[in-house]
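The data blocks that follow each hold one structure.
The two complexes that follow have chain A in common; it is paired with chain B in the first and with chain C in the second.
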Partner chain A sequence: MDAGYITPFVKSIQNVFSTMLQLPVTVNDPAIKTGNSPSHDVSGIIGMSGDVTGSVVLSFKMETADAVVALFCGERLERDSADFADAIGELVNMVCGGAKAMFNDKKRVSISCPSVIVGSDHGVSLPSDIPCVLIPCTTDCGEFVIEVAIRETTPSSEASEQAAANA
Partner chain B sequence: MDAGYITPFVKSIQNVFSTMLQLPVTVNDPAIKTGNSPSHDVSGIIGMSGDVTGSVVLSFKMETADAVVALFCGERLERDSADFADAIGELVNMVCGGAKAMFNDKKRVSISCPSVIVGSDHGVSLPSDIPCVLIPCTTDCGEFVIEVAIRETTPSSEASEQAAANA
Partner chain C sequence: MKVMLIDDSKTMRNIQRSVLRQLGIEQVEEACDGQDALSKVGAFQPDLILVDWNMPNMDGLSFIKAFRKQDKTTPLIMVTTEAEKSRVIEAIKAGVNNYLVKPFTPDLLSQRINETISKCSAS
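Then we have the complex of A and B:
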């Protein structure tokens, strides 16, 4: 994956967490994801399409998610409430929105609405033919990880999507 | 949600399962999702953007996912393998691709790459401000459910996304 797609996520996660949560984020070295996905408790997922195709996942351990949502909403929320999921979804939405605005020469990228997964020890798999970069982050609320799996949309991948549409 | 968005998914799930798996699907009455999401073991999630914005989730119990993947791939696969996740992802991709081709007058809809969640008893939450329709399905391999949460993209929702991008 072009490293030019990683820097925007690093900057955006720091912008969003410092602006919205007053929570500084230390971003550790990104690494290519290999083998099994790490297990998570709470994940916010957003899809990207247009000139790039892919998915972005923001994943937390349960206690970290509790603390981040409390900072975002000003109070602790029940994990099974709609507001809890909406808060995680809004965070990943802001991170992706901020990142896509920093993509080089990529004007036509749209992002889907977020999906939020709550469940102890789940794994998130993105398509194995798209390189996935793990960005580990550390904060005073605990650690979390962003997974970015995007590729530039090629005519052949559009054709394949069209073939699926016609199946 | 416009019922015109549900029929394409009903038709597409039947097309894809009968064509790719030779597995007839009985589609039960769709219902608006309220309250907590049902818990799942394996979920394939795809985002849609463009003239409509939303997410589609195809969720299975573990045993049903095992059987469906075995039909799709011709052999049983390990649940933690990349091929298992890719098979579930390809199924949801074909269902969404087929459905979007049947949307009325909606030419500009793109779909993201799929994310696949594997984890016992996880819940998937979609944004609470988008109506979500649950479509329960029955097959000889067991039951599964499709959740469709999409809305037409309005100038105000585009503006809100832009605001997030500028935050």
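Then we have the complex of A and C:
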């Protein structure tokens, strides 16, 4: 993956958390995600399509998610409420929207509506043919990670995807 | 003043509603997507509409195009994560009066609302 696609996510996550939550984020060294994927308790997932395709996952431990959602919504919410998932979904939506605006301006990229998983120790499987970059983040509310597995859609990859679809 | 909030995120609608409350605006109707908004807008007759872009069923741009066929004057502010210049131009061509990119501070939303209201009432 082009490293130029990681910086927008770093900048966007810091912008979203500082603007909406007044919560500074320290971004630690990104790494390629290996087979031993970390487990999570709460994940917000967004798909990207167009000139850049793939998925982005924002994952928290339960206590971190509790604290972040409370800051965002102004009150603590039950983990099994629709509003809790909604808040996580809106955060990942803003992070991805902000990041894609920092991609090359000629890129035409759409983002999906977010999906949210709430459940202890779940893993999120992303497409195996796209390298996934894991960006660990630290805040006063706890730690979380953002996983970015995206790639540029080239005419050749479009053709091979089409061939695979037709097979 | 009556304001309609169109966003699929209840969290975002709550944040916008609290900013409106600080501005003294209490008459607020909410819609969770463009289709929902089209079904409510005729009865509610808002003086201002805040609309998100990416929503299920009917997105904000489709709502604006449909709404502008029947109402050319009610001020519309798009409040969205879509920040690319090409998207802003697309929204303006469809008929929005102002544009605010998420994330935003409450002050910035207040400012956009006030400038939109004063600009539209002057014209």
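Miscellaneous remarks
Note that in this section the second predicted complex is superposed on the first by the 154 of 167 C-alpha atoms of A that agree within 3 Å, B and C clash if a C-alpha of one lies under 4 Å from a C-alpha of the other, contacts with A are read in each partner's own complex, and residues count from 1 in each chain.
Keep this in mind: a contact is a pair of C-beta atoms (placed from the backbone, for glycine too) under 8 Å apart; a residue touches a chain by one contact, two chains touch by 3 or more.
Quantities reported herein were computed from a predicted structural model and do not represent experimental measurements.
Set side by side, chain B and chain C differ in how many residues of chain A they touch, and the one touching more is B. In the superposed model, A:32 lies in contact with neither chain B nor chain C.
In the superposition on chain A, A:3 makes contact with neither chain B nor chain C.
Of the two partner chains, chain C is the only one that A:73 touches; chain B does not reach it. Within the superposed three-chain model, A:86 lies in touch with chain B and with chain C [touch as defined at top].
By the touch criterion defined above, A:149 lies against chain B but remains apart from chain C after alignment on the C-alpha atoms of chain A.
Across the two superposed structures, the residue set of chain A contacted by chain B and also by chain C is 15-16, 19-20, 82-83, 86, 89, 93-94, 97-98, 100-101, 111, 113. Across the complex, chain C is touched by residues 15-16, 19-20, 72-74, 82-83, 86-87, 89-90, 93-94, 96-98, 100-101, 105, 108, 111, 113 of chain A. Put simply, chain C touches chain A in their complex at residues 8-12, 14, 18, 54-56, 80-86, 101-105.
Those residues of chain B that touch chain A in the complex are listed here as 15-16, 19-20, 36, 39, 43, 45-50, 53-55, 57, 80, 82-83, 85-86, 89, 93-94, 97-98, 100-101, 110-128, 130, 149, 161-162, 164-167.
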